[in-house]
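The structure under discussion appears below in the form of structure tokens.
Labels run A, B and C following the written order; every chain starts at residue 1.
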């Protein structure tokens, strides 16, 4: 536990450095036969064709994907926690990811197999999940009970997961594909994934930038925010829209990877405090850091096999969730 | 014997002894109450007063066995209250906490019936005694017409009377109340205080935490003034309430007058030190 | 108390009063009626399900065959092939309904289900482990039981000392559930096709070919657990008040909580050992029971009856909707339960902590 807060620039600097190191690690390490030395040679321009292929095609894409998904989920986590005023809010836990995932499964079932279409569909699904979140938080002034939201989300995720299972059962898809839409993976994704996901990420981030100042004001209370000239309702809607775009993009690209949206804001808050402007920017760097770390671990832990990255994030995220809740006074947002 | 005591039969006439000995309460490293000794006089209304954070609610919670003491003990009829079965305690001591919350849709008479729980068992779920006492409690709290109304639909004063009626139905000699009138307007406050005085007249021992010093003076026989976890003064309101005490407790200057009806001290002319 | 015995004793409104000497028993009229109706429905629907798909059988004949009367062939069909599955469904549904009711009371939250506090996932993880990863001689059911217990113990240990509202407990439960869920996914990702298929029913909840011993164990557990829950009913209804009120009325809160939790875990573990994770029954059944009984009590018995009814109906739907493909009962429950859940959350109910 850090006794003092870091200044924003220091934190950003450290995060950026970690990110760079992790990217390099991601390019150099893997579950397969190409070890560190051949990979480094390939990276520096030499090495044989095999190594070059692995590093520059497979691992590069994977690293890019991790960056994209990490930024999206980290930012979405911060936004979601701010709009629900709930430190336990997380796209995976609240059923937003499940909504996106289910929407894509539904689309596949109805015949839409084009990957680019998945993006829009996933965003719609995530949006539905967000709307449900909104409804639950507005219900009977429930804002002071963080657990209700999490319980609702757990129930939704469960329901949507079962619905997805049902559809996949109907369609007799491969077990791998089924599991993908349940737990998510960075490996084995189509080569053009990053290309069609990028617009989604940019769109979501733009939306996030729009709402970040009103959100910071909203943290002081609705009346104060109105007094300062903002519109609380619009702010909330805008934030949820941003979350939907970001989570939809991430889920369409890599399936539902949980807990990033929980881990990252938690660490960010511990480092630079609760101001959303700071945590948002920091989370955009920390998100890919955490995800890359999880991905590298998933490659190394059970060589020559790989773990689905969602499993690693769960194993790290769950203890953090427990730690958050054991802290008697939850950090207010 | 007043109407109330005849209605409640002999249940409330037994004397009960509640005292705190060298009581310390708090949590972790913080002590809210330190080495406190207190004997609650029977058959009277005692009011615990003091500034925010002085420990009065904590003291009441300790007396009602809601929280365990860090050191010292609370004795009910000479025995440590924590060692007695909780139901046994509930037959001698009734509590109305500040955060009293009931499930939705409960009507007044249903709430009051819950007050009989400590006297009921698996095989004795409803008896003539229960019925009579619930009825008596309804009458005593002047809620007979509202018996079948849901709690949520009532005014603050009525709701508070319903909770007190539940405590009456518990038919205990001792009644502990935590700020029974804090959220009520003037009219409702008087309703509740007068009901409390009636209970005392019927023989009950009442201990209440009161926010407003003037009200405490008016309605209590014994005033217990707390400051920073200790009792700094205790006695009849007319005797112990002085402007020095007010200054010590609340850090303000004041002028004391006499209430035209009851002759008890009234705090007026308050100004910062 | 002589002054009182001369007055005639009337039951409080909405109740029946049974007296025998000094003993008296209060029965809530509406709850009784609902229980009766649900019981009859269960028999009717059960018989109908037993007879379904067979033209030669009517529900009445099927019911008779269940008790050994009628044509030998029919008796064989019913008793050997269909009745075991029905009984498994009835018992597991009842256990889950009751467990859900207990947990919702404990957590003072209508959204709490045993699944959400990780018991389901723990059971699944252990069961899947026994099938795909760790070769043991123990049946998956036995491991499911220990998995559920392990998850509950872990959750309780990590949440110990938490706030009275069970806040911490629920969140820790969710985290533990997520951990076990990830472990399950991990194992499935590493296993081959056959093992994964064998393990699949354990991940979604299915009544297909359940071993008889676990059903027997469940039956015994239910026979012990339900009456126990009924015994605790009074204290349970007090737990719906704020803590200070409950303590003031003589409830030993810590003990009651532990007992209720243990009972809930007990019933859930046994049910999950038979049917796997079917969380939404535990969520929906108590809610239906509360709605039908229209009271603010703790309708354990009616929740059990509703749960049983829901389970056998869901199972039947799963078998017939996409015949001959069988949709696991857990999926049906989730698909139907989902919109129901939405309805719970969105309807205008009065303010409360539940």
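Here, a contact is a pair of C-beta atoms (placed from the backbone, for glycine too) under 8 Å apart; a residue touches a chain by one contact, two chains touch by 3 or more.
Owing to the predicted nature of the structure, the values given are computational and were not obtained by experimental measurement.
Chemist: Can you tell me which chain lies farthest from chain B, using the average of the Cα atoms as each chain's centre?
Modeler: Between chain B and the rest, the longest centre separation is with A.
Chemist: Can you tell me which chain is nearest the middle of the complex, judged by mean CA position?
Modeler: So the chain sitting closest to the middle is C.
Chemist: I'd like to verify one number: the distance from the centre of chain B to the centre of chain C, where each centre is the average of its C-alpha atoms, in whole angstrom.
Modeler: Computed from C-alpha means, the inter-chain centre distance equals 42 Å.
Chemist: How many Å are there between the centre of chain A and the centre of chain C, using C-alpha atoms for each centre?
Modeler: Chain centres of chain A and chain C, defined by C-alpha means, are spaced 34 Å apart.
Chemist: Could you grab the centroid distance between chain A and chain B? Build each centroid from C-alpha atoms only and quote it in angstrom.
Modeler: So the centroids are 53 Å from each other.
Chemist: Would you pick out the residues of chain C that each touch at least 2 other chains?
Modeler: Chain C, residues with two or more chain partners: 349, 351, 353.
Chemist: Any chance you could list the residues of chain A touching two or more other chains?
Modeler: Nothing qualifies.
Chemist: Give every residue of chain A touching chain C within the complex, in rising order.
Modeler: 88, 93, 132, 135-136, 139-141, 145-148, 150-152, 154-156, 158-163, 165-166, 169-170, 175, 179, 182-183, 258-259, 302, 305, 307-308, 310-311, 314-315, 317-319, 321-322, 324-326
Chemist: Give the list of chain B residues in touch with chain C in this complex.
Modeler: It comes out as residues 9, 61, 64-66, 85-91, 94-97, 99-106, 109-110, 113-115, 117-118, 120, 122-129, 131-132, 148, 152, 170.
Chemist: Across the complex, what residues on chain C touch chain B?
Modeler: Per the touch definition, chain C meets chain B at residues 1, 3-5, 7, 9-13, 15, 17, 22-26, 231, 234, 238, 240-242, 244-245, 247-252, 295-296, 349-354.
Chemist: Using the touch rule from the top, collect the residues of chain C that touch chain A in their complex.
Modeler: Going by the criterion above, the answer is residues 109, 111-113, 115-116, 158-159, 162, 165, 167-168, 170-172, 174-179, 181-183, 185-186, 188-190, 193, 196-197, 204, 279-280, 283, 322, 325, 327, 330-331, 333-335, 337-338, 341-342, 345-346, 349, 351, 353.
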